[in-house]
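See structure below.
Order of writing sets the chain letters: A, B and C. Residues in each chain are counted from 1.
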Amino acid sequence: MSQHDQKIDKELFRIVGVQNEEAEKLSNKSVSFWKEVFLRFSQNKLAIIGLIVLMAVILMAIFVPVFSQYNYREQLGVYNAAPSLSHWFGTDDLGRDVFVRVWEGARISLFIGITAAVIDLIIGVLWGSISGLAGGRVDNIMMRIADVLTAVPYLLVVIVLLVVLQPGLVPMIIALSITGWINMARIVRGEVLSIKNQEYVLAARTLGANTKHLIIRHLIPNALGAILVTMTLTVPSAIFTESFLSYLGLGVPAPTASWGTMASEGNNAITNAPWRLLFPALFISLTIFAFNAVGDGLRDALDPKLRK
Amino acid sequence: MAKKLVEIKNLKQYFGSPSNPIKAVDGISFDIYEGETLGLVGESGCGKSTTGRSIIRLYDITGGEVLFNGENVHDKKSGKDLKKFNREMQMIFQDPYASLNPRMTAGEIIAEGFIIHGLYKNKKERQEKITSLLEAVGLNKEHANRYAHEFSGGQRQRIGIARALSLDPSFIIADEPISALDVSIQAQVVNLLKQIQKDRGLTYLFIAHDLSMVKYISDRIAVMYSGKIVEVGPADDIYNSPVHPYTKSLLSAIPLPDPISETKRTRIPYTHEEQDETASFHPVNDKHFVYGTEKSFQKWMNNTSI
Amino acid sequence: MSETILKVKDLKINFKTYAGIVQAVRGVNFELNVGETLAIVGESGSGKSVTSNALMKLIPQPPGIYESGEILFNGRDLIPLSDKEMTKVRGNDIAMIFQDPMTSLNPTMKIGRQITEVILKHKKVTRSDAKNRAIELLTQVGIPMPEKRYNQYPHEFSGGMRQRVVIAIALAADPKLLIADEPTTALDVTIQAQILELMKEIQKKSNTSIIFITHDLGVVANIADRVAVMYAGQIVEYGTVNEIFYNPKHPYTWGLLGSMPDLDNKSDELLRTIPGSPPDLIHPPKGDAFAPRNEFAMAIDYEKEPPMFQVSETHFAKTWLLHPDAPEIPIPDAVARRIEGFLAKEDQVNG
């Protein structure tokens, strides 16, 4: 080997030993778990697009109805007008501006979706964590109740409920939550079951921790990721279900506009005024896509298998 | 003779249905003396980890007694009594990855016991205590704000040790604390455990399957097989003159870093002989005991050269 | 000198990760002769498993990158081979045994079918011939009542028995090279001893070459003919098993040998340890990667990477301590004493 022949300064062959200050040094800058999740999320293009779309839809839903020159129930006397500079998305058969109605509808749809998700969250987390923590017979009974609820045909329950309660916002949310929480409860239970046998939970128990301490310090922080993902994915499914029920005529009553009712009415005019179906349908799809992209992105960002 | 710190009397831990239970621990008795290290060895599934977890009340025991300083541990019902006991007895876990909460910093992990017991409420005092614990395990105060995943396996295990030390216990159960670590890191952790034992006068129950490490760290060794302790005695006796055929088989299987002797190794196979209800501990000498029936014991003694 | 079956030249493997490029294997060279066992020892992250997976081309790409090097199996380079060509090599020429016998068997398939499938894929035989061969293999790996066991599912086997089945599957197509990645780490010592005996017996019978990946020096001493010690993605010492255990030259090897207690260790002395932890392979240190943990590190170790110095015809070590200008450093006391102890015991026995 040629390197042997190279003359090396003899001075270099003095023993300097271990460089102690290096030995326990941590190389990288400290990054908290959530910061790392954020970094990973921000590298996911689809998720970022989804997030931007979502922000845009929310901002539009907040501001368009406030600042627009039209009101969503105002009849302007121009019927089924095609999209134009004065009416960007056209008007409907009663002469109302579709652009304003779409964003008014966004408010209703998002409100329904988010409220349903929050209700699912509260019931699901409570149910799932009690079931998972208690274990044994309690767990068995609680999960069988959930099973029975899922076994009842969903649409039938909703239709009966809406017929009895008269269509409206509150019955719609009740209808969505009646079985919606079960998915959340199952996921939380699964998380709790796996976390409660982790050695760090056992360690806390040997330190003398009570149940409250375990839940606040260990179970919630570690189940938060899964809960967040499930919640982000509940919103679009609630929006979709609302639209679907409204489309069947079981939605919020006129003149309130939700995307579902607008699409339903627009369906009748599909030949002469296709924009009345097109725009609400477009925004239903767009919003559902955005929520799903964000939820998937979150899931990937949280997935411990990708962590080094 | 030193004082008995922990006495385990006929401890039973069954799992599953009461009609057909899995007998993970099936009536074992042993004592741990103050200041010693008792090694508990056996193969996976023999009940050694269950024993440790039963002693520290992670499971509700099926039968028997665990006495700590003469007080029955599993009797204590009031929260105050339990907390007092928690401060005396702590545990070090096997998996350096699963034993630290990934959402907490090293400082938060070490301080968890302080929060539970309402100790060192003054912020500065708490910081100082955390720093001194980190230093005791060879880390420093900069590490307090780092998250668990930023540390290497050996460093994580040392954080786990610092957590176990945080309440100043007198007795620590180390449940396979080194088996998930690399060889060079194992030595670091074992040295650290010996060092803090000397500094703080700790008593250890050291659970492991690595016999050479157990021999090195323990004063006495208990060998466990299928939920029962089959042989217990001073570490040297167990290694140099084992009596129970299972201990002999186990010892004959340990590979040594010595190629020439490895080429000549003969493994002693073990076939389990069920012992009937007359089985009990028979003394080989005043510190070395073997579990079995009178007849088996005589047979084993005849096969042993002491 | 026997014939070489495998020659690895300057193998470099990188992984693209979120944090940067990890240089997992940084220029590995070794040779394996027919019928020999090479043990690759190292700690986690040393690159030993990546190296063994690379030989089977099992590195997923991406994130893995075969940066450079050749893997010559019977003279043919495996790196440029397509996936389809590799499937012929796998099983047939080279077979692998993994660490965890619980996950390397398919739980929904009977043991017998898992073995015959491999036989049928690689050999032109009838179904009944394959079955006979499978039962023969089960007998060979020491499974009692092979006819009955043939029709059982993996969950009906204990851990040690499962690892025997895994070995039977690996042997099904008569591979010339067997790569075993920590095959006994998940097993109890008594089972480990049985599996090691089995592997040696198989090797004797069919002259198979074995690459054995492990972190356990006792196991290495038991099974290896030749040993490669890996650290930070490189082989730092390479030699026959006796050379590595009785005449180690690299300070990392000293550290490994010293950190393991033997049964005669006095318990009042502390174990020798290697301070610190292995380096970050995203930014490997300049010079000798082991220098920051080496009590005998010299100034040059922090500047220039050492070459492989030749100690004997078969023994190499990558440390500047072997340079003629370096000070003479004897093997640390504790390690030297142990080696003497072993050799003395030997003399005693030999009388």
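The rule we apply is simple: a residue touches a chain if its C-beta (ideal position, glycine included) is under 8 Å from a C-beta of that chain, and two chains touch if they have at least 3 such contacts.
For each chain, UniProt lists the protein as follows: A = Oligopeptide transport system permease protein; B, C = Oligopeptide transport system ATP-binding protein.
The model shown is predicted, which means the values in this text are computed figures rather than measured ones.
Chemist: Where are there more C-beta contacts: A-B or B-C?
Modeler: If we tally the contacting C-beta pairs, B-C comes out ahead.
Chemist: Quick one: point me to the chain whose Cα centre is farthest from that of subunit B.
Modeler: With centres defined by C-alpha atoms, farthest from subunit B sits A.
Chemist: Which integer distance in Å separates the CA centroid of subunit A from that of subunit C?
Modeler: Spacing between the chain centres: roughly 47 Å.
Chemist: How many angstrom between the C-alpha centroids of subunit B and subunit A?
Modeler: 46
Chemist: How far is the middle of subunit B from the middle of subunit C, if each middle is the mean of its Cα atoms, in Å?
Modeler: Whole-Å distance between the two chain centres: 31.
Chemist: Which subunit C residues sit where two or more other chains touch them?
Modeler: Those would be 275, 277.
Chemist: Where does subunit A touch two or more other chains at once, residue-wise?
Modeler: Residues 24, 28 of subunit A touch two or more partner chains.
Chemist: If a residue has to touch 2 or more other chains to count, which residues of subunit B qualify?
Modeler: Residues 155.
Chemist: Looking at the complex, which residues from subunit B come into contact with subunit A?
Modeler: 53, 56-58, 79, 82-83, 86-87, 89-91, 93-95, 98-104, 109, 112-113, 115-117, 138-140, 143, 145-147, 149-151, 155, 160, 163-164, 166-167
Chemist: Taking the complex as given, what residues does subunit B use to touch subunit C?
Modeler: 43-44, 152-155, 182-188, 190-191, 194-195, 209, 211-213, 215-219, 235, 239, 249-250, 252-262, 265, 267, 270
Chemist: In the complex, go through subunit C and note every residue touching subunit B.
Modeler: 43-44, 159, 188-194, 196-197, 215-222, 224, 241-242, 245-246, 255-263, 265, 267, 270-275, 277-278, 342-343, 345-346
Chemist: Given the complex with subunit B, which residues does subunit A contribute to the contact?
Modeler: Within the complex, subunit A contacts subunit B at residues 24, 26, 28, 30-33, 198-200, 202-210, 213, 217-218, 221-222, 307.
Chemist: Residues of subunit C touching subunit A in their complex?
Modeler: Residues in contact with subunit A: 17-19, 275-277, 280, 283, 291-304, 307-309, 320, 323, 325-327, 329.
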